[in-house]
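Let me begin by handing over the structure; questions about it come next.
First chain written, first letter: the chains are A, B and C, and each begins at residue 1.
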């Protein structure tokens, strides 16, 4: 291949424009460009353009109506902002815990769903339900469940004899993060289950059949066939789960507002509060933009490392 | 099918199956509990609802919550608008992500990594709802600031990266020999996509369809802003949140719970119906290999 | 399976129908609406013709973010529109995100002519004036003597809130009282208290007593998220502490005085007298818990009059008391919240017609019905005499006190880190020491002020003759350094 193409390169240069066009067309270059164009166009309009628009304000104190030049102050402020760096740590903690629980659970449920166990259709519907209910309503219900005074969770644990004193699920610095993660798992595992189910569908039934004929049991099939054959999709799903967990903030906002004492404050919640002025009196859009750039760098680095590791793993396997 | 299973599986396997069923049931109950709480909560008096507590059943069933919700909100119109958003955003996502995912997975060209990197990068750069302002201004310039199509384009554009990754990832599990065979048979680049790969992509496209439909259905801030002056264009999410009726006193959470329960019905029906086709899609796509 | 199939067929049909309706429906609906409005306009023209008035009907568009008064507003406006064919009011109640909606609509040229306004909306007047959005009402007020009599606009000019210098941008007609203590009379009596004590120290003791009496199911106090601003802040202000930490005489921030209050208030938590977890629940949840008798002391302003009579009726006697102070004496003003006002946007086409609408909403007859409905309480002495307070329910218990006033708006600074309410709340919850917190606040707030002065985003407000009991009366000076 390489020897052939080398000899083919030099004549190309001498080809006329017409011939070049003909060649690109033969290889589907124009078709590819046309097929990619709508996505790129929407990316430019709906993501890049607003970003550049906001980016103008990195050196300003901007409250949404008027802006004041502050030079590099937003940047030096970030370096000294303890709340922000704590929120970065909390984001890592939150993302790690969420992914560690949600991915295995979603994978197990997807495997179980693919077997024809009684009622799996109904179960699928149930697991999907948390993702379609109004977030305002479900968060309200979780404050009832977690309530320290008359909450369901405390009542159940007391009845079971597991605790003797009510736990302040959302107000105790030692447990608040777990409460937030429980809600995140509840609201998200149905989503990842669907990702896994579609990933598993590319594995042919014949493979399973022949494995079964060879006498493999369920566990062996899972470790030897499902998981390896799922790995390209698994990589994508993991990446979506990691980036998704890093960007989560809505449910935390409703449940704890980042409290108690900033214990559940995560990067994007902090940024949201700055940009909308919910914790400070006036919106601080300029500073929020600087932080969101930093956050992008952090999440980008995490993803980069993850992709690198994933590639290394491929080489090993 | 079931009969053959019982014949083939040993007693031990049966026991395992039973255990698995119990596990699924437990997870289902835990998942369902908050939703049951919402359902029964929607029949409570506001005070009883907001006190919370262990009693999920209302003292008396207040049907009036549903009557109020139904009268205050125009559910027929809201549902229609939600369906419009869900369906159009789904169609956009399907077309965009299948084509882009195919190009990214199968075509080598200069700058590919750069463009792909741009898609990845903008998944992380989150200026959140601040981006609403420039987009709204843009929509004003284009006289689209009261059009639901703006919501469709922005929502589809913002959500396309995830779908593109999924399609690309799935495409990587499909053997390249399939394309090459098609090429030898004389298919062009587009024909290979349209006639050979699209049918194979069914399972992942079913997923993209389901998730993007739900994405459009759940959209809140965008339609809130774009239907500011046009109440007849509001989708369910916006309409139901308005039921809280917040004013100078306490909010009517019970009516909002009733509205949320009504709003969940169409989406659930769609899911139950489509899930059959969804599962068919999942099995039909399996590549013989 | 059969059921599923049926469901799907039904759903498919419904979807097809609704989508079909989507195309036809929207156009037919809008054309129907168009026809209706055309018809009503024709009617108006007819009537106008009959009365010999050749003026064309003017429509003034009004947006409000109030829902609690919807019934009264719509019925009054319907009546007005029927009586005044030449001046039609189109009234819309908006959803969430009020300030943002106004700004976006103004940019899009879809803004209404008039918007509702209350001090609790938190819209910084100077921002909107410098953005050229709000119209000064001064010249209209000057020429309208009836308006002046009813609404006493010159006595209710609050620098930075509704006016800047001589320019008045909105005139409040109603007022939400400052914070009061609402308490469960029975629970307090059981613990040996006949009412709410007049000092914070005694109040903390009372909360302790109720809790000890409660046997683990009833507690002394219920707070909510960010509980500092609920009523503890008001106690500090009435004790003469700097409002929002701002020393108006010297034009700097100084939170030092607040220390004793923080330390006394922290006792409430340290002694376990607070309903567990109430600081993580919303206002409405805590209101419901109060109405259920789970705790004895709750603090909020006059909107609770309606909440505890209509929305969450209490099956026990509840009292309303003035806030205690640190030593039993009132040394400073308690902020109240002027509300039910209207702003004219600069984009309004027919400004004279807009003023007619504003003065209609602010007329004696209109306000009488409004206050008697209990939707707000009158701000002016004139209206207080004219309305029948007995019709307004328990809102009479929240009548304005002499020491209630509005503080001039402090400089709009960009705080780095948590604001004072969050920091002080953390002291009360026991997360941080009082001295440390006060030092941190003094440094950050003054630094922010200096920075703002340097880049021109704010000015230093100095009131040489500032009177803590009468903060709105002083002469405001704005310094740029």
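The rule we apply is simple: contacts are C-beta pairs under 8 Å (C-beta built on N, C-alpha and C of every residue); 3 or more make two chains touch, one makes a residue touch a chain.
Keep in mind that this is a model prediction, so the values were computed, not measured.
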Chain-level touch network, classified as line, ring, star, complete or other: complete
A-C or B-C - the one linked by more C-beta pairs in contact: B-C
Between chain A and chain B, centroid-to-centroid distance (C-alpha), Å: 15
Intercentroid distance (Cα basis), chain C paired with chain B, Å: 37
Interchain centroid distance [CA atoms averaged], chain A/chain C, Å: 38
Residue numbers of chain C (touch at least two other chains): 285, 289, 294
Where chain B touches two or more other chains, by residue: 51-52, 133, 241, 253, 272, 276
Sites on chain A at which at least two other chains make contact: 64, 140, 143, 147, 150-151
Chain C-facing residues of chain B, complex: 46-52, 76, 79-80, 83-84, 87, 132-133, 136-137, 140, 145-146, 221, 224-225, 228-229, 231-232, 238, 241-242, 245-251, 253, 266, 269-270, 272-273, 276
Parts of chain C lying in touch with chain A, wherever the complex brings them together: 103, 122, 124, 127-128, 130-131, 225-226, 275-282, 285, 289, 294, 412, 414-419, 422, 426, 429, 431-432, 451-452, 455-457
Chain C residues touching chain B - in the complex, by the definition given at the top: 4, 7-8, 11-12, 15, 18-19, 21-22, 25-26, 29, 66-70, 92, 94-97, 100-101, 104-105, 107-110, 176, 283-285, 287-289, 291-292, 294, 303, 306-307, 310-313, 375-376
Chain B-touching residues of chain A, taken from the complex the two chains share: 27-29, 31-32, 35-36, 38-40, 42-43, 45-51, 53-54, 64, 105, 109, 112, 115-134, 136-138, 140-145, 147, 150-152, 155, 186, 190-191, 194-195, 197-207, 218, 229, 232-233, 235-237, 239-240, 243, 246-247, 268, 271-272, 275-276, 285, 288-289, 292-293, 295-296, 299-300, 303
Chain B to chain A touching residues, read off their complex: 1, 5, 16-17, 20-21, 23-24, 27-28, 30-35, 37-38, 41, 51-54, 95-97, 99-100, 102-104, 107, 109, 115, 118-131, 133-135, 138, 153-154, 156-158, 160-162, 164-166, 168-170, 172-174, 188-190, 193, 203-204, 206-207, 210-211, 214, 217-218, 237, 240-241, 244, 253, 256-257, 260, 263-264, 267-268, 271-272, 275-276, 279, 281-283, 285-289
